[in-house]
Amino acid sequence: QEAYVVGLTGALTGPVAGTYAPVIESMKAYIDQVNLRGGVNGKPIKLLIQDNQGEPSKAAADAKKFLSQDHVVMVINSSASSTYAPVIAETKRAHVPLFFAGAVCPKEVFPPAEELQFCSTSFAAQYDSQMALAFIKETAKEPVKLGLVAMAIPVSRGEIDYAEGLSKTLGMTPVEKQIVPPPTPDYTPFSTKLKEAGANWVYSWAPWVTEIKTVEGLRKLGWSGRYIAWAHIQAEEDLARVKDSDFYVVGANALFQDNLPVHSEIREVAKKANLTYPVQQLAEGWVSGMVLEQALRATAWPPTAEKVLASMSSLKVDTKGLRGGPIEWTKSNHFRTQQYYRVWHWDTTKQAVTRVKDWTSYVVK
Amino acid sequence: MAEQDLAPIALTLDHLFLEFGGLSVLQNLSLTLRAGELLALIGPNGAGKTSVLNCICGIYRPSRGSIRFAEQQLVGRLPHHIAQLGIARTFQHGEMFQGMTVLENLLVGRHARIRTGVFGEALFSRAVRAQEILHRRRVEEILDFVELSAFRHRPMASLSFAQQKLAGFARALALEPKVLLLDEPSAGLNRDAREDLARFILRIKHETGIPMIWVEHDMQMVADLSDRLYVLNHGEYLTDGAPKEVLSDPKVIAAYLGGAKHEAA
Amino acid sequence: MPSSSGYFRTHYDQDLRFIDTRTQRYCLWLLLAWLAIYPFLATEMLLDLANQVLLASVGAIALMLLTGFAGQVSLGHAGLLAAGAFTAGILFKEFAAPVWVTLPASAAIGAVLGLLFGLPSLRLRGLYLAVSTLALHFIVAYLGGEYEAKRGFSSGIVIDPPVLFGWVLDSAQAWYFVLLAASAGTLLLAANLLRSKTGRAWRAIHDREAVAEALGVNVPAHKLLAFVISSSLTAMAGCLFAYFRGFVSVEAFTLFLSIQYVAMVIVGGMGSLLGALLGAAFVVLFPYGIEWAMAILPIPTRWSGMVFAVDYAAFGLVMIAFLLFEPQGLVGIWRRMQNYFLLWPFKQQLMRK
Amino acid sequence: MQTLINILVLASIYALISCGYVLIYRVSRVLNLAHGEFMMLGAYGLLATASSFGAHPFAAVGVASVMALLVGVAIYFVLMRHMTGESVLAAVLCTIAVGILLRGLITLTWGAQQHYPMEQLGWVNSSISVFGDARISAASLGLIIATAVCYSGLFLFLRYTRWGIQMRAAGQNPLLAAQRGIRLNGIYALAWGLATFTGGIAGMLIACDSGLQTTIVTIGLKAFPATLVGGLDSLLGALVGSLIIGTAEVLLINYVDPLLSDVAPFFILLVMLIFRPWGLFGTREEIDRV
Amino acid sequence: MSTPATLKDKAILEVDKLEVSYHRVVTAIQGVTLEVRRGQIVALLGNNGAGKTTTLRAISGFLGIDDARVSEGTVRFCGKDIANRFPHEVAGMGIVLVPERDKVFENLTVQENLEANSPRQSSTLSRMQEAVYAYFPLLARLRGRQAGYLSGGERQMLAIGAALMCGPELLLVDELSLGLAPIIVEELAERLRAIRDELGLSILLVEQNAHVALEIADYGYIIENGRIVMDGDRERLTGHQDIQEFYLGAGGSGRRNYRDVKQYRRSRRWYG
């Protein structure tokens, strides 16, 4: 075999595709570009992609195919959390490293990390809520009556439950918690509930649809409080679309309006490859691509799963400003040693998306 | 018909009323069927003849009145229970199971007589196999009797209307009934087939003595074969008695026969 | 099936046999031999596919009994699979129960659910019934989701491979034989039911309920029986699924899965057990076939990044083609071929069940 | 008050979708499981016209609606026409296959990202206040109006023409209907056209209100219980059913547990059907007269 | 079988050497040739399973189901070939069938059943409706009842009425008197000729009751085992000895009694 073979199972179509497909597309574009420049260690990277539509059984079949037929040295998962269990089970059986890219980081990658699982995704359970609530506490002048919004999927609910508990210790009053079922034709009833509970701040950590539709629903009802949500890949465009200065997003990737050199690079590649998704959504996948490239670069030819695992277990990736700092993996920490956050909103006077808080770091223990 | 009157009663309908949401279909109907009797039930269209049969076999539930068979009250019982008691019927429109073969149709007709349990069936135990073979033999005899053996493996849908009616007759026999209810068995049959049917009916009557209620519009057949006529009109009793008398009754002629073209007996 | 000319039956017993002629017996032995050596010849991938097909066939046969024979349309099949899988998962997580506990427990839960959700069938018919079985799906999914959320198994429940008589079931080969046995057992059971009283009653109910009842068939009881048997088989399939894949999670049992099972039944050919098998194989293997076709066919470069949507669209297209051109399903094709070879060079024979 | 408005909006969404189910069911006894996809197709159609005639928003909407209608007619002639006489289940599966195909094609063309057709049309989805402090968005208001217009149009059409009876006749016994000289093709095509038209309108308005993504299909599924509660072959039933389910859902979100809003409609459906197996206003189909 | 060529010009329906097979294997009828002239009532008699229904279905285009098709021969209506056409096309030309089964729309009321046909002006519609109610007064009483609940005879009347409502040029009736009480049959027999004259239609009917059939028909065909074995006008048929014996049940002197027939076809079977 004349290439580093890596298998990716992800949600390219299906109900959750909006979150994962751009990541996969961007990662693929990144790897293509690496290959154009000659690959790593003189060998190309062969990224096999399978669509699992966010369904566990499909993911299981994909993983099985990668491991038994394609003999990949690493499996990447870029899909809904329901697909984790089967992929973890399969990779464990074959003892091949598993890399979560753009997908929620499972708790196994946090210290003390499980041997085989790694994650580069920008968002992270608990730390995100800590940052968001800290921001609320710092910004709010009045006593905070907090509304919380989750989607009815286990990860989101878990995080919002955590935030509810945390908010109490920070002296806020959680007044309402809405858990929205995924197929919801109209968000107004949920928004009505939040408004009527008298919330003056609302925090949401959920897939972007839920976050954005709830805030729009609230505004339609004439709610005048402030709203903070996790900055998913769609955040930059939607902040500019909604133009609401009381709508904050907290995130870990630099936005394209920062215009870093790496951003122009992404723009160029996106244009050349004629990618489907807007360039603002590509940062997450780009970071994953960087991590993948680094991990393989540190693996001498011929690659084996063992070797890849070894190089992943002590890896430091320079994110060129896309993140607040490098992504660093150690033996016991497969998430990163430091997590950096920024907060943005739409500035009405400047008519632009503006940072309200620059990189704030949390040490991951 | 004196000996008939002495024969024990097989089935009694007593002051029967049937209504469908204010629409009164049967009113105060009383009827007795004696052992071995071939009773023809006639009446104009919509008089309620089929409804009488439906009441007996439990498909309709009369609003008042009683139906007694072998010391049991039939009103309020479920149709399958009544069938198990030994009341079999044919249907005016055939109502055969089109997706099954002729043989399977008859075996369904025999359902109430086959004693096997689901667990045995799932394993197809020796006992189940024995039962299947036993009942298959009975059913083949009936098919032979109505001269349909050649069709045994044909899907019911591929039989013509008259052939299906005959198969329906056989299906009713498959239950080994104690009372047989026939709903216009001759409709759709031509003269030839009607003669065959007449032959079957008479043979059943003579060889097994099963009492029958027979709904019919062919007055010649009725006049030739039946022991007694019972006339319904608008859900009410009109008259009953020996064929000759009833068919020359002016009330019956006015309501049902019309003109004088029929040739009774 | 009296296939070769000059062969006559002399006893009713012969009509009840599955295998009648010597040719059929040879074919069966050949098939068995092939099935026995298959796992040793196939690649790991092919073996996994075979396992998937075998597993699906259990559920497909169960659904065929209910829908194809008893005529009760159900869209809750995925819900029942989920119920079986969750029974296994929960018993395993909470009580570390071994497989010989979880499997019967799944069957029991399936039977109970079948009974409950068969109840509407006493009143409802056709599509109304189908949609009411959807309720089963949503309720099981809701309960499963709640369990996962409450116990913190946010990305599904992982279960260990089962141990049978001190033998850990974790190789694909071992699973192959287990699943083969399960599939064959289900098939035999279903075929037996269908050639006896219960099966005939189901088919009669399918055709015309009121008439079946007047002939002495206890319609409610038989309907419920169909639901109970089918559900309990399905739940067992769900339990096997959980062990086979090593995990349980609500998202694995989507509505689309139910639809796939319905597709198996219809594409295979309604009212035929062989159809259920063929349908299961078709629906499971189809995506792989498309993928393979996509790999060797030239496709527009614009689409190369969207191979998957193409796959999806193609699946729809082939299904439509199937329904349009072969409404009898795969068995229809099978029978036609059989007739062709049996009767060649004569015209075709009257088709029958 | 706000609750009332919310109920009205949700019920209109369901009602506008339901009438598509009803129309097709009436003529062919088939539950069109691709209706969600048709709704989605309508919405994406609007997206397409909006980007080409963005300057004339009304023209864009008009063209998109006509396209939706034609798609239904085309689907009938190309596909469903061949399914008459096949088993109902096969026809239902065929609609599912159409749905899968459409979903694939739409993903191929438009990808999985979120779109905002309202913006492309240059309209603002302003929030209008009604009855004091209650508010409603312009698109939702449009939805309510569209529902009212569609329903009154359909009621009048079916009442003052014999199409209503012919539709039912065709659904029950297509062969006999053909023998009676009823032009089956015309009736079926009309029903399919109207169904995709109303479904498309619903899709467009929902997309205008809250953006467009492939997940919009699931809403089609949620309108099921509403249609069935009312009776699959009754327009009035669809209206009433939508109102019942909409009310139940909003009240559950408001006063009980929002998570139940997913399951509860099916519960209501089950309970309802136990008492009236053919829905509130549906006609009883199986007649067990022998 | 041979129809005089001189009559051909006035024929509205000509069926020539028709062959129909089910499932492409079972040949149900073979070489059936018959014709109906304008304004004529033609009866098709035959033993059971002879292929009468199949013939009517072939004419009306009702074949598609059951994988049946016209494999040979032609069916011409007013000179146009209509074999294997769609039923609604055939209906559009003016041929309407009263089938032997499933003859009404069960979920529609009696009134709706009458209204459910091809669009026509509402004035003629209501006039026709009144006419049908006049032919069958019983139906008038049942106007609002769902057809599925009608009795067998009521359905038959409704089916005939609804077929008349379509204003056919050629009416095909499968089993005219099926399930009808003698009084209705008699009235119908008397009235059918009047209806024919009034509406100017031609009728091809299948009827088991040969007495009735030969009373109303101008011309008749006898079909047996899928082949036309005899044809002729009323006198010729009534006079024929086989017809007397097999279709009219005449034996020796006068009518044969059903009791007497029982042994002439001996049966060796045993019932148990």
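Letters A, B, C, D and E mark the chains as written, and numbering starts fresh at 1 in each.
What we mean here is this: contacts are C-beta pairs under 8 Å (C-beta built on N, C-alpha and C of every residue); 3 or more make two chains touch, one makes a residue touch a chain.
In this text, all values refer to a predicted model and were calculated from it rather than measured experimentally.
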Query: Which chains, if any, touch chain A and chain D both?
result: C
B-D or B-C, whichever has more C-beta pairs in contact: B-C
- request: Calculate how many whole Å lie between the centre of chain A and the centre of chain C, each centre taken as the average of the chain's C-alpha atoms.
  value: 38
Task: Please work out the Cα centroid separation of chain A and chain B, and write it as a whole number of Å.
output: 75
Statement: Rounded to the nearest Å, the gap separating the Cα centres of chain C and chain D is 32
Field: Gap in Å, rounded to a whole number, between the CA centres of chain E and chain C
entry: 47
Message: Two or more other chains touching the same residue: where does that happen in chain D?
response: 103-104, 107, 221, 259, 262, 285, 288, 290
Query: So which stretches of chain E touch two or more other chains?
result: 22, 26, 149
- prompt: Got the chain C residues that touch at least 2 other chains?
  reply: 210-211, 214, 306, 309, 311-312, 350
Message: Quick check: in the complex, which residue numbers of chain D touch chain A?
response: 2-3, 5-6, 9-10, 13-14, 103-104, 107, 111-114, 116, 119, 125, 127, 129, 133, 135-137, 140, 206, 209-211, 213-215, 218-219, 221-222, 249-250, 253-254, 258-259, 261-262
Chain A residues within the chain C interface of the complex: 12-13, 25, 28, 49-51, 53-57, 60-61, 64-65, 68-69, 80-86, 88-89, 93, 106, 152, 154-155, 157-158, 276
- prompt: Any idea which chain D residues touch chain E in the complex?
  reply: 85, 162, 165-166, 168-169, 172-173, 175-185, 283-285, 287, 289
Query: Hey, which residues of chain C end up touching chain A in the complex?
result: 43-45, 48, 52, 145, 148-149, 152-158, 170, 245-252, 254, 256-257, 305-309, 311-312
Parts of chain B lying in touch with chain D, wherever the complex brings them together: 50, 54, 59, 91-93, 95
